(Lines give C-alpha, C1' and ligand atoms only; values in the text may rest on other atoms or scores of the structure.)
Protein backbone atom coordinates (compact mmCIF):
# COMPACT_ATOMS: atom_id res chain seq x y z
CA UNK A 1 0.00 0.00 0.00
CA UNK A 2 1.36 3.41 -0.94
CA UNK A 3 1.60 6.22 1.60
CA UNK A 4 -1.05 8.16 -0.30
CA UNK A 5 -3.57 5.32 -0.08
CA UNK A 6 -2.84 4.80 3.60
CA UNK A 7 -3.40 8.51 4.23
CA UNK A 8 -6.68 8.51 2.33
CA UNK A 9 -7.89 5.48 4.27
CA UNK A 10 -7.05 7.23 7.54
CA UNK A 11 -8.88 10.38 6.43
CA UNK A 12 -11.85 8.30 5.35
CA UNK A 13 -11.94 6.51 8.71
CA UNK A 14 -11.90 9.82 10.56
CA UNK A 15 -14.63 11.22 8.30
CA UNK A 16 -16.80 8.12 8.80
CA UNK A 17 -16.58 8.39 12.59
CA UNK A 18 -17.40 12.11 12.52
CA UNK A 19 -20.32 11.48 10.17
CA UNK A 20 -21.58 8.59 12.30
CA UNK A 21 -21.65 10.85 15.33
CA UNK A 22 -23.30 13.72 13.46
CA UNK A 23 -26.01 11.40 12.09
CA UNK A 24 -26.75 9.86 15.49
CA UNK A 25 -26.88 13.30 17.07
CA UNK A 26 -29.11 14.68 14.32
CA UNK A 27 -31.57 11.76 14.44
CA UNK A 28 -31.90 12.01 18.22
CA UNK A 29 -32.38 15.78 18.02
CA UNK A 30 -34.94 15.51 15.20
CA UNK A 31 -36.96 13.13 17.39
CA UNK A 32 -37.37 15.93 19.94
CA UNK A 33 -38.18 18.79 17.53
CA UNK A 34 -41.70 20.29 17.54
CA UNK A 35 -41.78 20.10 13.73
CA UNK A 36 -40.95 16.38 13.61
CA UNK A 37 -43.48 16.06 10.80
CA UNK A 38 -41.04 17.81 8.46
CA UNK A 39 -38.10 15.68 9.60
CA UNK A 40 -39.28 12.16 8.82
CA UNK A 41 -36.94 11.69 5.89
CA UNK A 42 -34.10 13.20 7.86
CA UNK A 43 -34.50 10.71 10.72
CA UNK A 44 -34.73 7.82 8.26
CA UNK A 45 -31.67 8.83 6.26
CA UNK A 46 -29.64 9.72 9.37
CA UNK A 47 -30.13 6.20 10.60
CA UNK A 48 -29.14 4.53 7.34
CA UNK A 49 -26.12 6.77 7.00
CA UNK A 50 -25.02 6.15 10.59
CA UNK A 51 -25.15 2.39 10.18
CA UNK A 52 -23.32 2.43 6.85
CA UNK A 53 -20.63 4.74 8.29
CA UNK A 54 -20.21 2.43 11.28
CA UNK A 55 -19.62 -0.61 9.06
CA UNK A 56 -17.31 1.27 6.70
CA UNK A 57 -15.26 2.54 9.64
CA UNK A 58 -14.97 -0.96 11.08
CA UNK A 59 -13.86 -2.42 7.73
CA UNK A 60 -11.27 0.34 7.36
CA UNK A 61 -9.97 -0.27 10.89
CA UNK A 62 -9.42 -3.93 10.18
CA UNK A 63 -7.83 -3.32 6.80
CA UNK A 64 -10.49 -5.29 4.97
CA UNK A 65 -10.01 -5.71 1.24
CA UNK A 66 -13.67 -4.72 0.87
CA UNK A 67 -13.03 -1.15 2.00
CA UNK A 68 -13.34 0.42 -1.45
CA UNK A 69 -16.65 -1.31 -2.10
CA UNK A 70 -17.93 -0.24 1.30
CA UNK A 71 -16.78 3.31 0.66
CA UNK A 72 -18.87 3.36 -2.53
CA UNK A 73 -21.99 2.43 -0.54
CA UNK A 74 -21.04 4.94 2.13
CA UNK A 75 -20.64 7.79 -0.35
CA UNK A 76 -24.14 7.04 -1.61
CA UNK A 77 -25.60 7.00 1.92
CA UNK A 78 -23.83 10.26 2.78
CA UNK A 79 -24.98 12.02 -0.40
CA UNK A 80 -28.63 11.20 0.27
CA UNK A 81 -28.46 12.18 3.90
CA UNK A 82 -26.64 15.44 3.10
CA UNK A 83 -29.19 16.40 0.46
CA UNK A 84 -32.01 16.02 2.97
CA UNK A 85 -30.21 17.69 5.89
CA UNK A 86 -29.26 20.66 3.73
CA UNK A 87 -32.95 21.46 3.35
CA UNK A 88 -33.31 21.83 7.12
CA UNK A 89 -29.96 23.41 7.89
CA UNK A 90 -31.31 26.93 8.11
CA UNK A 91 -33.75 25.93 10.85
CA UNK A 92 -31.83 23.24 12.72
CA UNK A 93 -28.21 23.48 13.74
CA UNK A 94 -27.94 19.67 14.06
CA UNK A 95 -29.03 19.29 10.43
CA UNK A 96 -26.47 21.85 9.32
CA UNK A 97 -23.70 20.07 11.22
CA UNK A 98 -24.85 16.73 9.86
CA UNK A 99 -25.00 17.95 6.27
CA UNK A 100 -21.41 19.17 6.49
CA UNK A 101 -20.17 15.93 8.06
CA UNK A 102 -21.99 13.94 5.36
CA UNK A 103 -20.49 15.98 2.52
CA UNK A 104 -16.99 15.61 3.99
CA UNK A 105 -17.49 11.87 4.42
CA UNK A 106 -18.91 11.51 0.92
CA UNK A 107 -15.78 13.17 -0.50
CA UNK A 108 -13.42 11.06 1.63
CA UNK A 109 -15.25 7.89 0.59
CA UNK A 110 -15.10 8.77 -3.09
CA UNK A 111 -11.36 9.35 -2.72
CA UNK A 112 -10.75 5.83 -1.37
CA UNK A 113 -13.28 4.19 -3.67
CA UNK A 114 -11.57 5.57 -6.76
CA UNK B 1 -43.12 -1.81 -5.31
CA UNK B 2 -44.10 -4.73 -7.49
CA UNK B 3 -44.82 -8.15 -6.01
CA UNK B 4 -41.74 -9.53 -7.77
CA UNK B 5 -39.43 -6.98 -6.15
CA UNK B 6 -40.98 -7.56 -2.74
CA UNK B 7 -40.45 -11.30 -3.13
CA UNK B 8 -36.84 -10.84 -4.18
CA UNK B 9 -36.19 -8.58 -1.20
CA UNK B 10 -37.66 -11.19 1.13
CA UNK B 11 -35.53 -13.93 -0.43
CA UNK B 12 -32.47 -11.72 -0.15
CA UNK B 13 -33.19 -11.04 3.51
CA UNK B 14 -33.52 -14.74 4.25
CA UNK B 15 -30.33 -15.49 2.34
CA UNK B 16 -28.42 -12.76 4.21
CA UNK B 17 -29.47 -14.14 7.60
CA UNK B 18 -28.53 -17.69 6.61
CA UNK B 19 -25.18 -16.48 5.27
CA UNK B 20 -24.54 -14.41 8.39
CA UNK B 21 -25.06 -17.47 10.55
CA UNK B 22 -22.93 -19.71 8.33
CA UNK B 23 -20.07 -17.18 8.35
CA UNK B 24 -20.17 -16.75 12.13
CA UNK B 25 -20.27 -20.52 12.62
CA UNK B 26 -17.44 -21.07 10.14
CA UNK B 27 -15.18 -18.42 11.69
CA UNK B 28 -15.68 -19.80 15.19
CA UNK B 29 -15.05 -23.35 13.98
CA UNK B 30 -11.92 -22.34 12.03
CA UNK B 31 -10.54 -20.80 15.22
CA UNK B 32 -10.59 -24.26 16.85
CA UNK B 33 -9.16 -26.28 13.93
CA UNK B 34 -5.68 -27.84 14.30
CA UNK B 35 -4.76 -26.53 10.82
CA UNK B 36 -5.68 -22.92 11.63
CA UNK B 37 -2.59 -21.87 9.70
CA UNK B 38 -4.39 -22.75 6.45
CA UNK B 39 -7.58 -20.96 7.48
CA UNK B 40 -6.38 -17.40 8.08
CA UNK B 41 -8.03 -16.01 4.96
CA UNK B 42 -11.17 -17.92 5.71
CA UNK B 43 -11.51 -16.41 9.19
CA UNK B 44 -10.84 -12.95 7.82
CA UNK B 45 -13.34 -13.19 4.98
CA UNK B 46 -15.98 -14.90 7.14
CA UNK B 47 -15.90 -11.92 9.44
CA UNK B 48 -16.19 -9.32 6.71
CA UNK B 49 -18.98 -11.26 5.03
CA UNK B 50 -20.89 -11.71 8.30
CA UNK B 51 -20.79 -7.99 9.07
CA UNK B 52 -21.83 -6.97 5.56
CA UNK B 53 -24.69 -9.52 5.59
CA UNK B 54 -25.86 -8.18 8.98
CA UNK B 55 -26.03 -4.61 7.69
CA UNK B 56 -27.70 -5.61 4.42
CA UNK B 57 -30.31 -7.63 6.30
CA UNK B 58 -31.03 -4.71 8.62
CA UNK B 59 -31.41 -2.28 5.70
CA UNK B 60 -33.76 -4.71 3.95
CA UNK B 61 -35.83 -5.13 7.12
CA UNK B 62 -36.33 -1.40 7.42
CA UNK B 63 -37.12 -0.94 3.75
CA UNK B 64 -34.17 1.40 3.25
CA UNK B 65 -33.82 2.92 -0.19
CA UNK B 66 -30.14 1.95 0.00
CA UNK B 67 -30.88 -1.76 -0.17
CA UNK B 68 -29.77 -2.24 -3.78
CA UNK B 69 -26.44 -0.50 -3.11
CA UNK B 70 -25.93 -2.58 0.02
CA UNK B 71 -26.78 -5.75 -1.90
CA UNK B 72 -24.04 -4.91 -4.40
CA UNK B 73 -21.47 -4.73 -1.58
CA UNK B 74 -22.90 -7.89 -0.06
CA UNK B 75 -22.65 -9.85 -3.32
CA UNK B 76 -18.98 -8.88 -3.47
CA UNK B 77 -18.35 -9.94 0.15
CA UNK B 78 -20.15 -13.25 -0.42
CA UNK B 79 -18.27 -14.02 -3.65
CA UNK B 80 -14.89 -13.55 -1.96
CA UNK B 81 -15.82 -15.59 1.08
CA UNK B 82 -17.31 -18.38 -1.05
CA UNK B 83 -14.20 -18.60 -3.21
CA UNK B 84 -12.03 -19.08 -0.13
CA UNK B 85 -14.37 -21.49 1.68
CA UNK B 86 -14.71 -23.65 -1.43
CA UNK B 87 -10.99 -24.41 -1.19
CA UNK B 88 -11.48 -25.91 2.27
CA UNK B 89 -14.87 -27.53 1.76
CA UNK B 90 -13.45 -31.01 1.24
CA UNK B 91 -11.73 -30.94 4.62
CA UNK B 92 -14.12 -28.88 6.70
CA UNK B 93 -17.87 -29.30 6.76
CA UNK B 94 -18.34 -25.75 8.13
CA UNK B 95 -16.48 -24.32 5.13
CA UNK B 96 -18.63 -26.35 2.76
CA UNK B 97 -21.83 -25.11 4.44
CA UNK B 98 -20.52 -21.56 4.44
CA UNK B 99 -19.53 -21.66 0.76
CA UNK B 100 -23.02 -22.77 -0.19
CA UNK B 101 -24.70 -20.10 1.95
CA UNK B 102 -22.39 -17.46 0.45
CA UNK B 103 -23.16 -18.51 -3.13
CA UNK B 104 -26.90 -18.48 -2.44
CA UNK B 105 -26.64 -15.05 -0.81
CA UNK B 106 -24.49 -13.73 -3.64
CA UNK B 107 -27.17 -14.77 -6.15
CA UNK B 108 -30.01 -13.30 -4.07
CA UNK B 109 -28.10 -10.04 -3.68
CA UNK B 110 -27.39 -9.78 -7.40
CA UNK B 111 -31.10 -10.30 -8.07
CA UNK B 112 -32.13 -7.33 -5.91
CA UNK B 113 -29.19 -5.17 -6.98
CA UNK B 114 -30.13 -5.53 -10.64
CA UNK C 1 -22.86 -27.34 26.97
CA UNK C 2 -25.99 -29.23 27.96
CA UNK C 3 -28.77 -29.86 25.44
CA UNK C 4 -31.06 -27.57 27.43
CA UNK C 5 -28.66 -24.64 27.21
CA UNK C 6 -28.11 -25.22 23.50
CA UNK C 7 -31.87 -25.28 22.95
CA UNK C 8 -32.35 -22.06 24.91
CA UNK C 9 -29.60 -20.35 22.95
CA UNK C 10 -31.25 -21.39 19.68
CA UNK C 11 -34.63 -20.11 20.88
CA UNK C 12 -33.02 -16.87 21.98
CA UNK C 13 -31.34 -16.44 18.61
CA UNK C 14 -34.64 -16.98 16.79
CA UNK C 15 -36.40 -14.54 19.12
CA UNK C 16 -33.70 -11.89 18.62
CA UNK C 17 -33.99 -12.10 14.83
CA UNK C 18 -37.79 -11.89 14.95
CA UNK C 19 -37.59 -8.94 17.36
CA UNK C 20 -34.98 -7.20 15.21
CA UNK C 21 -37.28 -7.45 12.22
CA UNK C 22 -40.34 -6.30 14.16
CA UNK C 23 -38.46 -3.28 15.55
CA UNK C 24 -37.11 -2.25 12.15
CA UNK C 25 -40.55 -2.63 10.60
CA UNK C 26 -42.21 -0.71 13.43
CA UNK C 27 -39.74 2.19 13.29
CA UNK C 28 -40.10 2.54 9.52
CA UNK C 29 -43.90 2.40 9.79
CA UNK C 30 -43.98 4.94 12.66
CA UNK C 31 -42.00 7.35 10.48
CA UNK C 32 -44.88 7.33 7.97
CA UNK C 33 -47.78 7.65 10.44
CA UNK C 34 -49.82 10.89 10.50
CA UNK C 35 -49.59 10.94 14.31
CA UNK C 36 -45.78 10.70 14.38
CA UNK C 37 -45.81 13.22 17.22
CA UNK C 38 -47.11 10.48 19.56
CA UNK C 39 -44.56 7.94 18.33
CA UNK C 40 -41.25 9.65 19.07
CA UNK C 41 -40.38 7.37 21.95
CA UNK C 42 -41.44 4.36 19.95
CA UNK C 43 -39.10 5.20 17.06
CA UNK C 44 -36.25 5.85 19.48
CA UNK C 45 -36.72 2.63 21.44
CA UNK C 46 -37.33 0.53 18.31
CA UNK C 47 -33.95 1.59 17.04
CA UNK C 48 -32.09 0.84 20.25
CA UNK C 49 -33.82 -2.51 20.57
CA UNK C 50 -33.10 -3.44 16.95
CA UNK C 51 -29.40 -2.72 17.31
CA UNK C 52 -29.08 -4.58 20.60
CA UNK C 53 -30.97 -7.58 19.16
CA UNK C 54 -28.67 -7.59 16.12
CA UNK C 55 -25.54 -7.72 18.28
CA UNK C 56 -26.98 -10.34 20.63
CA UNK C 57 -27.96 -12.52 17.67
CA UNK C 58 -24.50 -12.23 16.18
CA UNK C 59 -22.80 -13.14 19.48
CA UNK C 60 -25.12 -16.15 19.85
CA UNK C 61 -24.37 -17.28 16.29
CA UNK C 62 -20.65 -17.25 16.93
CA UNK C 63 -20.95 -18.98 20.30
CA UNK C 64 -19.39 -16.06 22.14
CA UNK C 65 -18.84 -16.51 25.85
CA UNK C 66 -20.40 -13.07 26.29
CA UNK C 67 -23.84 -14.24 25.20
CA UNK C 68 -25.36 -14.25 28.69
CA UNK C 69 -24.17 -10.70 29.37
CA UNK C 70 -25.50 -9.56 26.01
CA UNK C 71 -28.81 -11.27 26.68
CA UNK C 72 -29.12 -9.27 29.89
CA UNK C 73 -28.75 -6.01 27.97
CA UNK C 74 -31.12 -7.30 25.30
CA UNK C 75 -33.81 -8.19 27.83
CA UNK C 76 -33.61 -4.65 29.14
CA UNK C 77 -33.88 -3.13 25.65
CA UNK C 78 -36.83 -5.39 24.80
CA UNK C 79 -38.69 -4.60 28.01
CA UNK C 80 -38.46 -0.85 27.41
CA UNK C 81 -39.49 -1.11 23.78
CA UNK C 82 -42.39 -3.46 24.61
CA UNK C 83 -43.68 -1.12 27.30
CA UNK C 84 -43.82 1.77 24.83
CA UNK C 85 -45.23 -0.23 21.91
CA UNK C 86 -47.96 -1.68 24.09
CA UNK C 87 -49.33 1.83 24.56
CA UNK C 88 -49.83 2.19 20.80
CA UNK C 89 -50.87 -1.37 19.99
CA UNK C 90 -54.56 -0.58 19.85
CA UNK C 91 -54.01 2.04 17.16
CA UNK C 92 -51.09 0.59 15.20
CA UNK C 93 -50.77 -3.01 14.11
CA UNK C 94 -46.98 -2.66 13.73
CA UNK C 95 -46.70 -1.58 17.38
CA UNK C 96 -48.80 -4.54 18.48
CA UNK C 97 -46.63 -6.96 16.51
CA UNK C 98 -43.49 -5.30 17.83
CA UNK C 99 -44.66 -5.41 21.44
CA UNK C 100 -45.28 -9.14 21.18
CA UNK C 101 -41.93 -9.83 19.54
CA UNK C 102 -40.20 -7.75 22.24
CA UNK C 103 -41.92 -9.61 25.08
CA UNK C 104 -41.04 -12.98 23.54
CA UNK C 105 -37.44 -11.88 23.07
CA UNK C 106 -37.24 -10.49 26.59
CA UNK C 107 -38.36 -13.86 27.97
CA UNK C 108 -35.94 -15.81 25.78
CA UNK C 109 -33.08 -13.51 26.79
CA UNK C 110 -33.87 -13.86 30.48
CA UNK C 111 -33.84 -17.64 30.06
CA UNK C 112 -30.30 -17.67 28.65
CA UNK C 113 -29.04 -14.94 30.98
CA UNK C 114 -30.09 -16.91 34.05
CA UNK D 1 -27.85 15.45 33.06
CA UNK D 2 -25.08 16.85 35.23
CA UNK D 3 -21.83 18.11 33.72
CA UNK D 4 -19.94 15.27 35.39
CA UNK D 5 -22.12 12.60 33.77
CA UNK D 6 -21.85 14.30 30.36
CA UNK D 7 -18.08 14.36 30.70
CA UNK D 8 -17.93 10.69 31.68
CA UNK D 9 -20.12 9.76 28.73
CA UNK D 10 -17.82 11.66 26.38
CA UNK D 11 -14.75 9.97 27.86
CA UNK D 12 -16.45 6.59 27.56
CA UNK D 13 -17.31 7.25 23.92
CA UNK D 14 -13.71 8.19 23.13
CA UNK D 15 -12.43 5.12 24.97
CA UNK D 16 -14.86 2.83 23.10
CA UNK D 17 -13.72 4.15 19.71
CA UNK D 18 -10.05 3.76 20.63
CA UNK D 19 -10.68 0.24 21.93
CA UNK D 20 -12.68 -0.67 18.83
CA UNK D 21 -9.78 0.37 16.64
CA UNK D 22 -7.19 -1.42 18.79
CA UNK D 23 -9.23 -4.64 18.75
CA UNK D 24 -9.75 -4.57 14.98
CA UNK D 25 -6.06 -3.86 14.44
CA UNK D 26 -5.00 -6.59 16.86
CA UNK D 27 -7.30 -9.23 15.32
CA UNK D 28 -6.08 -8.46 11.79
CA UNK D 29 -2.45 -8.54 12.94
CA UNK D 30 -2.91 -11.81 14.85
CA UNK D 31 -4.27 -13.39 11.67
CA UNK D 32 -0.91 -12.74 9.99
CA UNK D 33 1.38 -13.88 12.83
CA UNK D 34 3.47 -17.05 12.39
CA UNK D 35 2.37 -18.23 15.85
CA UNK D 36 -1.35 -17.89 15.12
CA UNK D 37 -1.86 -21.14 17.01
CA UNK D 38 -1.22 -19.27 20.29
CA UNK D 39 -3.51 -16.39 19.34
CA UNK D 40 -6.85 -18.14 18.76
CA UNK D 41 -8.42 -16.79 21.93
CA UNK D 42 -7.04 -13.34 21.22
CA UNK D 43 -8.65 -13.21 17.76
CA UNK D 44 -11.95 -14.44 19.16
CA UNK D 45 -12.04 -11.97 22.05
CA UNK D 46 -10.81 -9.07 19.92
CA UNK D 47 -13.77 -9.58 17.65
CA UNK D 48 -16.34 -9.76 20.44
CA UNK D 49 -14.85 -6.72 22.13
CA UNK D 50 -14.78 -4.71 18.89
CA UNK D 51 -18.43 -5.39 18.17
CA UNK D 52 -19.54 -4.57 21.71
CA UNK D 53 -17.48 -1.35 21.69
CA UNK D 54 -19.06 -0.35 18.37
CA UNK D 55 -22.59 -0.77 19.71
CA UNK D 56 -21.80 0.97 22.98
CA UNK D 57 -20.25 3.91 21.12
CA UNK D 58 -23.29 4.20 18.87
CA UNK D 59 -25.70 4.14 21.82
CA UNK D 60 -23.64 6.82 23.57
CA UNK D 61 -23.60 8.98 20.45
CA UNK D 62 -27.36 8.89 20.21
CA UNK D 63 -27.89 9.52 23.90
CA UNK D 64 -29.72 6.24 24.39
CA UNK D 65 -31.11 5.58 27.85
CA UNK D 66 -29.58 2.10 27.57
CA UNK D 67 -26.03 3.44 27.70
CA UNK D 68 -25.31 2.34 31.28
CA UNK D 69 -26.52 -1.19 30.58
CA UNK D 70 -24.43 -1.32 27.41
CA UNK D 71 -21.41 -0.01 29.30
CA UNK D 72 -21.75 -2.90 31.75
CA UNK D 73 -21.58 -5.40 28.89
CA UNK D 74 -18.71 -3.46 27.35
CA UNK D 75 -16.69 -3.45 30.57
CA UNK D 76 -17.04 -7.24 30.68
CA UNK D 77 -15.97 -7.63 27.04
CA UNK D 78 -12.97 -5.34 27.59
CA UNK D 79 -11.86 -7.12 30.76
CA UNK D 80 -11.81 -10.50 29.02
CA UNK D 81 -10.00 -9.20 25.97
CA UNK D 82 -7.45 -7.32 28.09
CA UNK D 83 -6.70 -10.39 30.18
CA UNK D 84 -5.92 -12.42 27.06
CA UNK D 85 -3.96 -9.68 25.27
CA UNK D 86 -1.84 -9.06 28.34
CA UNK D 87 -0.48 -12.59 28.01
CA UNK D 88 0.86 -11.83 24.53
CA UNK D 89 1.92 -8.24 25.10
CA UNK D 90 5.58 -9.08 25.55
CA UNK D 91 5.74 -10.74 22.14
CA UNK D 92 3.29 -8.69 20.11
CA UNK D 93 3.11 -4.92 20.10
CA UNK D 94 -0.50 -4.99 18.79
CA UNK D 95 -1.54 -7.10 21.78
CA UNK D 96 0.15 -4.69 24.17
CA UNK D 97 -1.60 -1.71 22.57
CA UNK D 98 -4.91 -3.56 22.60
CA UNK D 99 -4.59 -4.60 26.25
CA UNK D 100 -4.04 -0.97 27.26
CA UNK D 101 -6.98 0.29 25.19
CA UNK D 102 -9.19 -2.43 26.68
CA UNK D 103 -8.21 -1.58 30.25
CA UNK D 104 -8.86 2.14 29.64
CA UNK D 105 -12.22 1.36 28.06
CA UNK D 106 -13.15 -1.02 30.86
CA UNK D 107 -12.49 1.74 33.40
CA UNK D 108 -14.42 4.35 31.41
CA UNK D 109 -17.36 1.96 31.02
CA UNK D 110 -17.43 1.15 34.73
CA UNK D 111 -17.49 4.88 35.46
CA UNK D 112 -20.63 5.45 33.37
CA UNK D 113 -22.28 2.21 34.42
CA UNK D 114 -22.01 3.12 38.09
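By written order: A, B, C and D. Residues from 1 in each chain.
As a convention for this text, contacts are C-beta pairs under 8 Å (C-beta built on N, C-alpha and C of every residue); 3 or more make two chains touch, one makes a residue touch a chain.
Fair warning: this is a prediction, and the values are worked out from it, not measured in the lab.
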item: A-B or A-D, whichever has more C-beta pairs in contact; value: A-B
item: Same-interface partner of B-C, chosen from the options A-C, A-D or B-D, over half of the pairs matching; value: A-D
item: Between chain C and chain A, distance of the C-alpha-averaged centres to the nearest whole Å; value: 26
item: Separation of mean Cα positions, chain D and chain A [Å, integer]; value: 23
item: Interface hub residues of chain D, defined as touching at least two other chains; value: 28, 44, 47, 58, 62
item: Chain A-facing residues of chain C, complex; value: 28, 31-32, 36-37, 40, 43-44, 47
item: Residue ranges of chain C touching chain D (in the complex, touch as defined); value: 44, 47-48, 51-52, 55, 58-59, 62, 64-66, 69-70, 72-73, 76-77, 80
item: Residue ranges of chain B in contact with chain C within the complex; value: 17, 20-21, 24-25, 27-28, 50, 54, 58, 61-63
